[in-house]
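Below, chain A partners chain B and then partners chain C, in two separate complexes.
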Partner chain A sequence: MITEFGNLFLSVALSLSLCSTILLFFKDSVDTNIRHNICLKFTKFSFLLIFLSFGLLAYAFLIDDFSLRYVANNSNLTLEKVYKFSAVWGAHEGSILLWVLVLSAWAALIGIYSTSLPKKFVTDMLSIMALLLTFFLLFILITSNPFDRIFPVPENGRDLNPLLQDPGLIIHPPLLYLGYVGTSVPFAFAVAVLINKSIKIEWISWLRKWVISSWMFLTVGISLGSWWAYHELGWGGWWFWDPVENASFMPWLAITALLHSLIVSEKRGIFISWSILLSILTFSLSLLGTFLVRSGILVSVHAFANDPERGLYILLFLTLIVGLSLILYFMNSSSLISKKSYQVSSKEFILLINNLFLTITTFAILLGTLYPLITSSLDLGKISVGAPYFNFIFSALMLPIVFLMAPAIYSSWKNTDYGRFKKLLSSLFFYSIIISYVFMNFIFESDIFVVYLAIFLAVFTILSSVVKLIQILLIRRDEGLFDKIISTPSTLFANSFSHVGIGVLIIGITISTYFSEQKEIIMKEGTSVVIRQVTVKFIGVEDKIASNYSSQVGIFDTFEDKSYKLSFFPEKRTYNIQKNVMTEAAISSNLLRDIYIALGDKFSDDSWVVRIYYKPFIQFIWYGALLMILGGIFGIFGKEKFPRKT
Partner chain B sequence: MKITQTNKNRMIKVLVFFFAITAFSSLLIYAFSKNMVYFYTPSQVINKEAPINKFIRIGGMVKIGSFKKLNDSLKVSFKIYDLNKEVNIKYEGILPDLFAEGQGVVMTGKLINENTFVANEVLAKHDENYMPPEVADMMKEKEGSIYKNDN
Partner chain C sequence: MTSKKSILPIIFFVMILYFLFSGLGKDPTLIPSPLIGKKIPEFQSKTLLDDTSITEKDLLGNYILLNVWGSWCYACTLEHNNLIDIYETNRISIYGLNYKDDKDSAIKWLKQRGNPYKKNIIDNKGDIGIDFGVYGAPETFLINSKGVIIHKHVGPIDKNYFKNIILPLLKNE
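Take a look at the complex of A and B:
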């Protein structure tokens, strides 16, 4: 029954989406109210149907219905309940269903929260979202149906990939998808604008909230992914420039650029045409990411199947969508170009440079990601572009972007009052140099120029954001602090929090990269090793049996100044079904450092290979991400949240 | 006065763009040429198609019975093969969890002579059916053997 209903729901949703899409071609002959009514109802109903089919699949996992091939391949009787649920999106078919579910949720949401926009425009956007839905539903039904049966029905399933059996991975995909697929909103907006050849400033304010939401979810998703890699992969790294990571990072960079260019468009009525183009590009990068990750041309945890048909379908769709929308852009965008000019001394010019560099960075990462694929598909040799390329080019391009954050904060629209600007910035610059120098020279005793530069940039950004916030809060002396905070525009908090977040992130990355210590050694039971004033004593290894894996648990005690601090229990797990071995590192984190112990192979009777890391400030990476996410939340739930006509 | 201001404005804009693009292109070319790593198979290594003492990647299946630990250290050696050609591998460090004889691996490192490769990094894949795609491609081509990842 699950198969029949699942297929039925998806097919009906497909037909509804197809109808909404077709209505776009009758936009002039059908009355707008009727069209709006139909599209909105269909959108909501499609969402409901997709939600139900998703629920059915989850139900099939929970009751261990192995008559579904997808369930049989990705679950097992002994799998923990919570992982049975997250296994729904643990492999290709289910994750595409999640993609579609999120897409239809965004469509329904923009249908509901768009009363401030003209109905005609909203309807066009809904039709475009329906077009995307149509394609992806077709994709599911033709190539990736999670409701396909398997015969004979196996007694037990093949189990979920053990790498995915981790708490971080339960929520990483849904959140990442919310951001990833959220880029369809600016895309639909852009195409609707291009079809209608008109745009109003109020619409841009509306769009900005959606772009911030998508940006925020993308930030959450990416940081969770990196947090997971740090905890689960057992190598102590948190970012590898893996093509799959790049696939989510490129849309993030593009949408960050879009976020900034939309601010200019909203405040000054310029860069509109650029914002529209950037919206299209951002969504194209999301689609490209989906293609790279799901087609199986890349080898990674995320590439579930090497099925050329699937890759081909997404590639075709990608070409079609990008091609058509770009053609539309070049035909219709001239009406959007503003005659207004801007001064080099204005905030808009700094934001323009920000956009320039963000776009260039995106392009550089795109090149490094795609180049090996292109050469290998053209038989020009198998090439890989290593992490050093990305590290080098990314840091180099981030330099100007981060350096310009402080000037951007203190500059004004149209024309900046140079005297005041110079006075403030030069004192901030001066203090930042002193603070970062003292910090790095006396505490870390560093002699690396790049470290000083990075820490200076971080401090400069943090200091200027915080000072700006305090300035604004101090302006009105008569009010209480609480009233001041309430009456301050939330965009200011959004701005300060996210930029401080970037600064904190840079501090975390720089210090943890340059001042980490690591030891890969063979340890005999009962012996100790010292890493950064911490004595690590290896007590022994015990066996442990869990429901779907057995493991060997190492016991390590740490001592500081000869007094006992805490124990670590890193594990080496063997999963029963797939016979995979997984390293579970034991990590102790506090604000200033992480101690990370991973158990390697058994070396001889009483000695083991052990990997120990001491990583200062590494948690700052995730604190920084958290601050950026908070900034995003301020941006979304600011005062002008989803403005409505009254 | 008005005109010169506008011109100055325009000139700065053009200069900024010009500078950004030039700086970027040179960075890109520099970084790219320094960090491109080519992939070779054991057959190509034995046929002397791979450069010696240069960073390359190499991949194949670990030969059963070839894995050796050198006493009291993290040094290991093993052989990898594709069709019937074999290359000796030396490595010092911790091997990935799923490294095992008979499994596919991809490594980065340098050839020190015509058939010995010193690896800096060893990658194995988390799937018992896994074979590095490059190796799978080649085996398919030459033997007509079917490698399938039936997921």
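Take a look at the complex of A and C:
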């Protein structure tokens, strides 16, 4: 029954979406109210149906219904309940169903929360969202149906990929998809604008909130992913420039650019055509990422099974949808150009440079990611671009972007008062140099110029954002602090938090990259090793049996100044069904440092390969991400302007 | 004036598409095996069913296929009937490398599904697999009578694969 109902729900959702899409072609002949009514109802109902089919699949996992091929391939009787649930999106078919669920959720949300926009425009957007839904539902039903049966029904399933049996991986995909698929909202907006050849500034304020939401979810998803990699892969790394990481990072960069260009469009009525193009670009990069992950054309730790048929289907859709929207842009964008001019000293100009560099960075990463494809199709041999290319190009291009953050915060629209601006910035500049110099000389000694530069830029950004916020809070002396905080526009908090977040992130990356210590050694039981004043003693290894894996648990005691501090229990797990060996590193984190111990292979009877890392400030990476996420939340829910004084 | 500039994204997009389409269907893991044209690596192990010792020397003397498999591997179950088919129509000796597997479940698996293998080499830790440069199961090596690896295939093989790829190679030799 699960198969029948699952297929039925998805097919009905498909027909509803198809109808909403077709309505777009009758936009001039059908009354707008009727069209709006139909599209909105169909969108909500499609969401409900997809939600139900998703629920059915989850139910099939929970009751171990191995007559479904997808369940049989990705679950097992002994799998923990919570992982049975997260296994729903553990492989291709289910995760693409999650994709569709999230897409239909966004469609329903913009249908409901768009009363400030004209009905005609909202209806066009809903039809475009329905077009995307139509494609992905077809894709599921034709190539990737999670409700397909298997016969004979196996007694037990093949188990969920052990890599995915981790708490971080339960919420990482849904949150990432919320952001990833959320880029369809600006896309639908852009295409609707291009079809109608008109746009109003109020619509841009509406769009900005949705773009911030998508940006925030992408930030959450990406940082969770890196947090997971750090904990689970056992190499102490947190970012690998893997094609699939890049696939989520490129839309992030593009949507960050979009976020900034929309501010300019909203405040000054310029860059509108550019914002529209960026909206298309952002969603195209999301689609491209989906294609890269599902087609298996690049080698990646994340890639799903190599399936050219699925890849071809997504690629054809990508060609169609991106091609059409770019042609539409080519034909209709000239009506969106504003004749307003702006000064080199204005905020708009700085944000223009920000956009320029963010876009170049996006394309540099795109080039690196696709490089293996380019060389192989031009017969230049199999080459892959590794981390050195990305690290170099990314830091080089980020430098000007970060450097411009402080000037951007203090500049004004149209024309900046140069005298005041210069005075403030030069004192901030001066204090930042002193602070970073003191920091680098007394805490982390280094003579590497790049490290100084990065720390200086981070301090400069943090200091300017914080000072700006304090300035604003101090302006109105007559109110209490609490009242001031309440009455300050939350966009200012959004701005400050996310830029401070970037600064904190840069400090985390720089310090943990340049000042980490690591030891990869063979340790005999009972021996000790010293890493950065911490003595690590290897006590021994014990066996442990859990319901679906057996594991070897290393026992390590650490001492500082000869007194016992704490014990570490890194594990090497062998999962019963798929025989994969997984590393569970043991990590002790505090504000200033992580100690990270991973158990490697057994070398002889009583000695093991052990990896020990001492990573200062690495948690700053996720603190920074957290601040950016907070900034995003302020941006979504807060009010925009100071209340008018009565 | 503006429309001239706005054609740039289209041109750029077409370029990207060219590379994406050309990459489609090519297998990125198809790195030419460094072992092709070389002798098979030395190994020493036991056979799965009769528990006698086996080394690389036991594979010499005839053209053989060496098939890497495991009872844990879903693609191997799909491939298995093809192997039986290939064995029955072509009578080529097929050796199995039982890769990272549990001995009892491997034996049970063979009893259930039929056994096209002349002998199965036990490699429960995957050490022999490493020497052969195995990425994962299933994988198939074509080895000549002197023990030189002529061809390697990643993923399941079928009748057509044998007819179109392996037979011509055998004729060339």
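As a working rule, the second predicted complex is superposed on the first by the 634 of 646 C-alpha atoms of A that agree within 3 Å, B and C clash if a C-alpha of one lies under 4 Å from a C-alpha of the other, contacts with A are read in each partner's own complex, and residues count from 1 in each chain.
Keep this in mind: a residue touches a chain if its C-beta (ideal position, glycine included) is under 8 Å from a C-beta of that chain, and two chains touch if they have at least 3 such contacts.
Predicted, not measured: the structure shown is a model, and the values here were computed from it.
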Chain B and chain C placed together on chain A: clash or fit? clash
### Message
So in the superposed three-chain picture, is A:H92 touching just chain B, just chain C, both, or none of them (first/second/both/neither)?
### Response
first
When the two structures are overlaid on chain A, which partner does A:L163 contact: first (chain B), second (chain C), both, or neither? first
Next item on the list: Examine A:L356 and indicate which partner it touches, taking first as chain B and second as chain C; both and neither are also allowed.
Entry: first
For this session: May I ask you to decide whether A:L312 touches chain B, chain C, both, or neither, giving the answer as first, second, both or neither?
Result: second
In the superposed arrangement, does A:Q578 touch chain B (first), chain C (second), both or neither? both
Between chain B and chain C, whom does A:N441 touch in the aligned arrangement: first, second, both, or neither? neither
Practice task
Determine, under the contact definition given at the top, whether A:F291 touches first (chain B), second (chain C), both, or neither.
Solution key: second
First (chain B), second (chain C), both or neither touched by A:N73: both
Of the stretches 60-68, 114-122 or 150-158 listed for chain C, the one clashing with chain B is residues 150-158
Chain A positions within both the chain B interface and the chain C interface are 73, 299, 306, 382, 578-579
Within their complex, chain A touches chain C through residues 73, 158, 273, 277, 280-281, 284, 288, 291, 295-299, 306, 308, 311-312, 315, 318-319, 322-323, 326-327, 329-331, 333-334, 337, 366, 370, 372-374, 376-377, 382, 577-579
Counting only contacts in the complex, chain A reaches chain B at residues 73, 91-92, 161-163, 234, 299, 301, 304-306, 341, 343-344, 349, 353, 356-357, 360, 364, 367-368, 371, 381-386, 388-389, 392-393, 396-397, 520, 522, 572, 578-583, 600-601, 603, 609, 611
In the complex, chain B touches chain A at residues 6, 9, 12-13, 16-17, 20, 24, 27-28, 31-32, 34-40, 57, 69, 72-74, 93-95, 97-98, 108, 125-128, 132-134, 149, 151
The residues of chain C that touch chain A in their complex are 2-3, 6-7, 9-10, 13, 16-29, 31, 70, 72, 74, 100-102
